[in-house]
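Each chain carries a letter (A, B, C, D, E and F) given by its place in the written order, and its residues are counted from 1.
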């Protein structure tokens, strides 16, 4: 499974994303992803390590600033 | 709804944008967006956390340096 | 008006540009812009906040490292 | 062997990856790679120098934020 | 004159380049430039402000990490 | 000679590379380069200034995170 297909397979699940311009992680339900790995997350929150520090709701993340995507297990 | 369509659906609304080269957030009315997620915001301001610290007016933001886009709720 | 057209509409005017690799702003007359938002500014200067700190003359700015473009009002 | 083919030749092996937005290295089994050098690693861990500090499991790494890829020897 | 043509017009002259991953400026004779603004400089040196601190000789600079290009006047 | 051809002309020679996400330089024999300036180096080492601090062996470097490429003279 190619990396992009791996990400698409996570649609509907909660994922954790590390961004280049963010010290903290973003966690939310993956609603959609395009070929540039731009992501739409719903019910998103910001996590500092294991702790939820801010509720964000709907967010769009720019694909080229993504560092790491991972299924989230609470 | 794909990420880009999600952003397009916010045209006419006030959004908050985090950029890679900016410590603070940018908040303004989304006037237009293109396929690279370049954004044109009107009545834009710079926010440090919850506080408006600078009024910017019309700004253009370069898509590839966007980290996060979010509907803004005051 | 799309973001790129918004930038093109500023040709001949003085603009302020924030770059990813520059702590300070660059201010100059916009001479030209291409599809990648590469910019040619004439009579450019470096600004630290409100203060002009260095005169640069003709400069070319690489589009993908631009964060923010704004009409400049002295 | 071109750089991309070099990476493809490591599929099935454990590799170490340095990312722009990560202080530490990521080590895992290379499952797949695409033309943008996006990577899918399984059994991935985070390494601080020689020490494993966090177990990550399945991760997708964005190609344009990769700095260095190297076969991993424990 | 478009930004890329502006850079091409500097071939044969000494230019100063600011890069994203470099604290200092690079100064050298522009030998060639391509559509991505990759640059080949000869007789290049590293400058810290006004002071030449290191002689580099022939260097290739990656276009997408260029911030600013400027004719150099000693 | 265009920048990319300049890099190709260094195949088989030892080069020094500065990366955006690396404080130190990488030095190794250039085995191959593609159109994105992705590089494959063999017998690579990490250098802190003039001192070799780590032996890396075979490495692949992502082209868009390269800042500077230079022939290496010990």
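Keep in mind that, in the parts below, a residue touches a chain if its C-beta (ideal position, glycine included) is under 8 Å from a C-beta of that chain, and two chains touch if they have at least 3 such contacts.
On a predicted model such as this, the values are computed, not experimentally measured, just so you know.
Contact with both chain C and chain D is made by no chain of the assembly. Chain copies chain A and chain E are related through a rotation whose angle, from the C-alpha fit, is 180° to the nearest 5.
Centre-to-centre separation between chain C and chain E, using Cα means, comes to 19 Å.
Taking the mean of the C-alpha atoms as each chain's centre, chain D and chain E sit 33 Å apart.
Multi-chain contact residues, meaning those touching two or more other chains, occur in chain E at positions 19-21, 63-65. Shown here, the protein chains touch around one cycle, each chain meeting exactly two partners. One ring covers every chain here, and the order obtained by setting off from chain B toward chain C is B, C, E, F, D, A. If you check the complex, the residues on chain F that touch chain D are 19-22, 26, 31-34, 38-40, 56-65.
Chain E meets chain C in the complex at residues 1-4, 6-7, 18-21, 37, 63-71.
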